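The chains carry the letters A, B, C and D, assigned in the order they are written, with residues numbered from 1 in each.
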Amino acid sequence: MAGQAQLKAGIIGASGYTGADLIRLAACHPGLEITHLTAGKNAGAALGEVFPHLGGLDLPDLSATGDIDWTETDVVFCGLPHGTSQEVIAALPNHLKIIDLSADFRLRDADVYAEWYGHEHKARHLQKKAVYGLTEFYREDITGADLVACPGCYPTAALLLLLPLVAQNLIEVDDIVIDAKSGASGGGRSVKQSMLFCEVAEGMHPYGIAHHRHAPEIEQELSLAAARSLIVSFTPHLIPMNRGELLTTYVRLGKGVSAHDLRQALIGRYKQEPFVRVAAEGQVPETRHVRGSNTCLLGVFEDRVPGRAILVSTLDNLVKGSSGQALQNFNLMFGFDETCGLTQHPLFP
Amino acid sequence: MAGQAQLKAGIIGASGYTGADLIRLAACHPGLEITHLTAGKNAGAALGEVFPHLGGLDLPDLSATGDIDWTETDVVFCGLPHGTSQEVIAALPNHLKIIDLSADFRLRDADVYAEWYGHEHKARHLQKKAVYGLTEFYREDITGADLVACPGCYPTAALLLLLPLVAQNLIEVDDIVIDAKSGASGGGRSVKQSMLFCEVAEGMHPYGIAHHRHAPEIEQELSLAAARSLIVSFTPHLIPMNRGELLTTYVRLGKGVSAHDLRQALIGRYKQEPFVRVAAEGQVPETRHVRGSNTCLLGVFEDRVPGRAILVSTLDNLVKGSSGQALQNFNLMFGFDETCGLTQHPLFP
Amino acid sequence: MAGQAQLKAGIIGASGYTGADLIRLAACHPGLEITHLTAGKNAGAALGEVFPHLGGLDLPDLSATGDIDWTETDVVFCGLPHGTSQEVIAALPNHLKIIDLSADFRLRDADVYAEWYGHEHKARHLQKKAVYGLTEFYREDITGADLVACPGCYPTAALLLLLPLVAQNLIEVDDIVIDAKSGASGGGRSVKQSMLFCEVAEGMHPYGIAHHRHAPEIEQELSLAAARSLIVSFTPHLIPMNRGELLTTYVRLGKGVSAHDLRQALIGRYKQEPFVRVAAEGQVPETRHVRGSNTCLLGVFEDRVPGRAILVSTLDNLVKGSSGQALQNFNLMFGFDETCGLTQHPLFP
Amino acid sequence: MAGQAQLKAGIIGASGYTGADLIRLAACHPGLEITHLTAGKNAGAALGEVFPHLGGLDLPDLSATGDIDWTETDVVFCGLPHGTSQEVIAALPNHLKIIDLSADFRLRDADVYAEWYGHEHKARHLQKKAVYGLTEFYREDITGADLVACPGCYPTAALLLLLPLVAQNLIEVDDIVIDAKSGASGGGRSVKQSMLFCEVAEGMHPYGIAHHRHAPEIEQELSLAAARSLIVSFTPHLIPMNRGELLTTYVRLGKGVSAHDLRQALIGRYKQEPFVRVAAEGQVPETRHVRGSNTCLLGVFEDRVPGRAILVSTLDNLVKGSSGQALQNFNLMFGFDETCGLTQHPLFP
């Protein structure tokens, strides 16, 4: 890398778990130099004070977003909470490429956004031009995009599994039940009683039943693939683990379609993809098979109920479900090999 | 209790997790004296060697089952692994009342048993007279029974939730999807690589997809309630916690039926029951709400998908899902108040 | 219990983990009726809203402490955070017996209090008359006390282990190293980033190195036993578990004293005690041996280093380390059998 | 890397946790090609069957060690259990460089080995020529070695901390107490009841008190540094986490030495080292700060007890404590940059 020009990248909202994982990955990327890190109440701190595990890295201190001169910067990753990204991003200079990890630009429809987020979108012009960053399905758009809205963690796992099956008409689109499970890092690093160790450990429960904001995002993309509006049953659960996400999806097969057909369709769709893999026949995907890596692992099982199949998809919510996919999109946008900086193998145990 | 005669009880297979929890509860029961504890390879050991947490109790050492003179014993709890109970129980003297915690006598149909367990039942005469020990639904039969087959942990959680709804025709019986989650104690204390700490902690996964033996048990009882044969989609998952079980069940509502109707039906059905409770409106049942107690907690939620509801049931797999329900049945069989020895409140955190 | 008069008890600060565990235990106590529960920001809520696991109990809603008429109340348990108890307790009517679970009245010396807590004590007259509630060592005083200051969790584990050895001159009092480990419930239910699930799970670390406030409490009591001032090395660690505390204590043996002598001294000292037990020879105490129970388990091991021994003590920080010991003191103060309401066996797994 | 010759490496005993982590790291090393993987009862299996998280890698199936032709191989990593390595390694052809991760060649003294392992060493000639692979202290010897005995995980953490302090005479060598804590992966992947999830989760305990085999290894190296025989108090504890190890070490300072001096000595000793770091002043090392990385993090704290200090060292037992250090030694032996393949940053949360 010596002597080679690197792209200069800023990370806005670097003090959350998503920010930490983006730094972990980006710091190993040969073509990217982290020149700015910003935070809210942590502005002014050294990175090692906020994330001691990154204290050994030679990286800038955290600044306030407003204090930064972006002139020399090429790209900004934005990891702010939902609702705050849109205004911050709207205020950034035009020359910057933006990779947003929040939910602010994922929904294309202004009304759907307002319904689920409780307020009008504050940057409609950007919402319109944002590209949905599900890499395996929007490559061409992402390559030329100025603003990429990286998908939510649950939608990534759901869509990588379901989009090929819906697009090829292999399942009944009106009978999709998604039972989702996630580790606690999906809840972020902000302090809430419900996320205390003692409230999460040695127990589990569903949350956001019938009103989780990832549902309309899943429906937006599946509806496009089905060429008609559809609605899914989606219920997430909080599991006592740090990272990892697994969706068990219950579907009714299309006429004449078998579970084997579904499996073959997925194998066919992803055989060239570096980060999506169909588990070996009979092998059950587990979250620990992908921990720390950018891989999404899929599985297809025949149900005992005639005409039904049980589908499994798993990924690391902080990597393929967030920062890893963001870096994958960065690679696309700037002409790197898509796997650059993303080749770490899963950490087990 | 002083001076009062107590029933003399033996526990066969006392060295597993189910045995430990039965001892924990039974040792506090005022009308029961544990006179025999048996084990396989642990025969000869003091209880405190096998379960140091019970080392302070004044209880008999573990013996080999064959060495015991049952003359003075009134009742036997049997916590042996599936497949081994039937022969051991068949060999016990006739005067003993038997409360079996294994799966051996749960299925009434000899063919269904053989299909799921891979061999003919070895005690057909007992299989026929065994009473299914789901206390809240078989009270009368249990009261007079000689052999009670306590339900599996998943079936208990599923049936307490679904039986009233099916019996009252409130849901479509051909569209029941049960996504079940359990802590690791459900896997027992026998050593398997898949149950090592490092294989379970910081991760989760489904198992026994489309072939878990609790499915036919659930179907047997629901079919009876529906007065016709039905089949359910049932998928269990292993969660990194010791105890606790939670089922998220996805159902299609009957014509004109609302989620509210389901909730009311459950409230009505269980309002006199000491151990089954419908969570307050809007409150989501969590496994930690029932940890260590004999309570089953139910919840009903309207789905966003029209005509569908999301149901939640949770219990402690070792208590209401096993040893607690066994003791509840003991109380019925011997004329104690049904809550006797079972009034511990949940342990949280 | 019907018809029998029960003592009326209030619990101030009922919305923390200590409060929850006190309610769990007290609700089963035959001689005690919980008539008041108070909380700060949760005042006005039903108990089941704050602690759904206790939602099935018939108990009063949470009130503001200032709103309560204490006329009919006999005893108050106070579970407020350190520093706030003293003023609240000073304002209570004189007829009330007080059992305080905070640190406010544990240190007898006004200067030591001021040094460690950073402010003058605001109720010196009460500090002087408070009785240190280490039940096994202050029985007589507790019996007649108006105000009992229950020991901290670490001091309870340390003192039950060390007091007999120091009092009998069996160890060198100037060479005591206590390496303490605790589950996360010791940190309380108030929200702090450092206690989020993801900050605690899958990791561990020491905290409060050389300045934890339980050190002077341990030293106060050991100094009394040694009849001279002494100082201990005390370092606590946060372990990724909900409850449980274990101290590994490294000591130098007195001249001519063996590890066996230590063991015998402890056995002798505690042979009549219902809640302190020396583990069987060779058996290593584990936190799970006492989870949920009021037992403190001790172990003594010879070190390879000549003249040294390794001591282990373990208890459940919320029970014997807090609410259980408080209830044990209540029993003493009001003439109940000391084990009343405290006979639950440990919950394992 | 294309076109560049890579060293051909075999991994004997690849089916344990150490093997898995070595594969994880080695598969990313640009100068190493894994050409053989061996296992005992898993011989014949594909790697993905034994370790599904590595199923996406293009690596050889597992073979029986005896079936392999080593002619083309340059180096062998040996991850067999203690006691079995020595014979397997003795039977390997002479041209192979050996990096052993077991305990078989760590102790130089034949009598000490026999005393602690209960049998005579079966390859004395190799024991004599083996180099102790604590990289930061034996670089020159490792560079030219044919057989490197990688240190145990506890000794690595203990020695990196203590060797500079002992060598510079800064602490009293007769008063060293090491309280060690480790995650469950240190127990290996072989099945034992004591390592089941339910036996480890939600609890903790010491083990191997006063007879853990890492003690003589620590003493061997400290005695060399002190130029006289010494003995340490060493007690390990099992913590409910997968990976990570932390030692809290209690020492008495040398005359006129302060805790600050210790800190400065460590900073000075390691300032050029890529993998050993002294935590920022006041920052407490935590296992999660190093999870998945090859870093050892050290901390020094003044005790309240005059003349004493509290030292902390933490590392990932599977990386710097095992496979990472093995790869670091490989780099030294074959002329790579010492950090090659070891630059992953810690995984948090």
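As a convention for this text, contacts are C-beta pairs under 8 Å (C-beta built on N, C-alpha and C of every residue); 3 or more make two chains touch, one makes a residue touch a chain.
Since the structure is predicted, the reported quantities are computational estimates derived from the model, not experimental observations.
Please work out which of A-D and A-C is bridged by more C-beta pairs in contact, and write that pair.
A-D is joined by more C-beta pairs in contact.
From the C-alpha centres, identify the chain that is farthest from subunit C.
Relative to subunit C, the chain whose C-alpha centre sits farthest away is A.
Between subunit A and subunit D, what's the gap in Å when you average each chain's C-alpha atoms?
36
Round to the nearest whole Å and give the separation of the Cα centres of subunit A and subunit B.
It comes to 39 Å between the two C-alpha centres.
Quick one: report the Å distance separating subunit A from subunit C, using the average Cα coordinate of each chain.
45
Mind pulling the subunit C residues that touch 2 or more other chains?
Residue numbers touching two or more other chains: 17, 184-185, 198-199, 201-202, 240-243, 286, 288, 291, 349.
If we count contacts the way the header does, which residues on subunit D are in touch with subunit C in the complex?
These residues of subunit D touch subunit C: 177, 179, 181, 183, 198-199, 201-207, 209-211, 215, 231-235, 237, 239-244, 246, 248, 250, 284-288, 291, 301-305, 308, 310, 312, 314, 349.
Write out the stretch or stretches of subunit B touching subunit D in their complex.
On the subunit B side, the touching residues are 17, 184-185, 189, 191-193, 195-202, 240-242.
Flag every residue of subunit C that touches subunit B in the complex, lowest number first.
It is residues 17, 20, 23-24, 27-28, 48-49, 51-57, 184-185, 201-202, 242-243, 277, 279-280, 283, 286, 288-293, 295, 343-349 of subunit C that touch subunit B.
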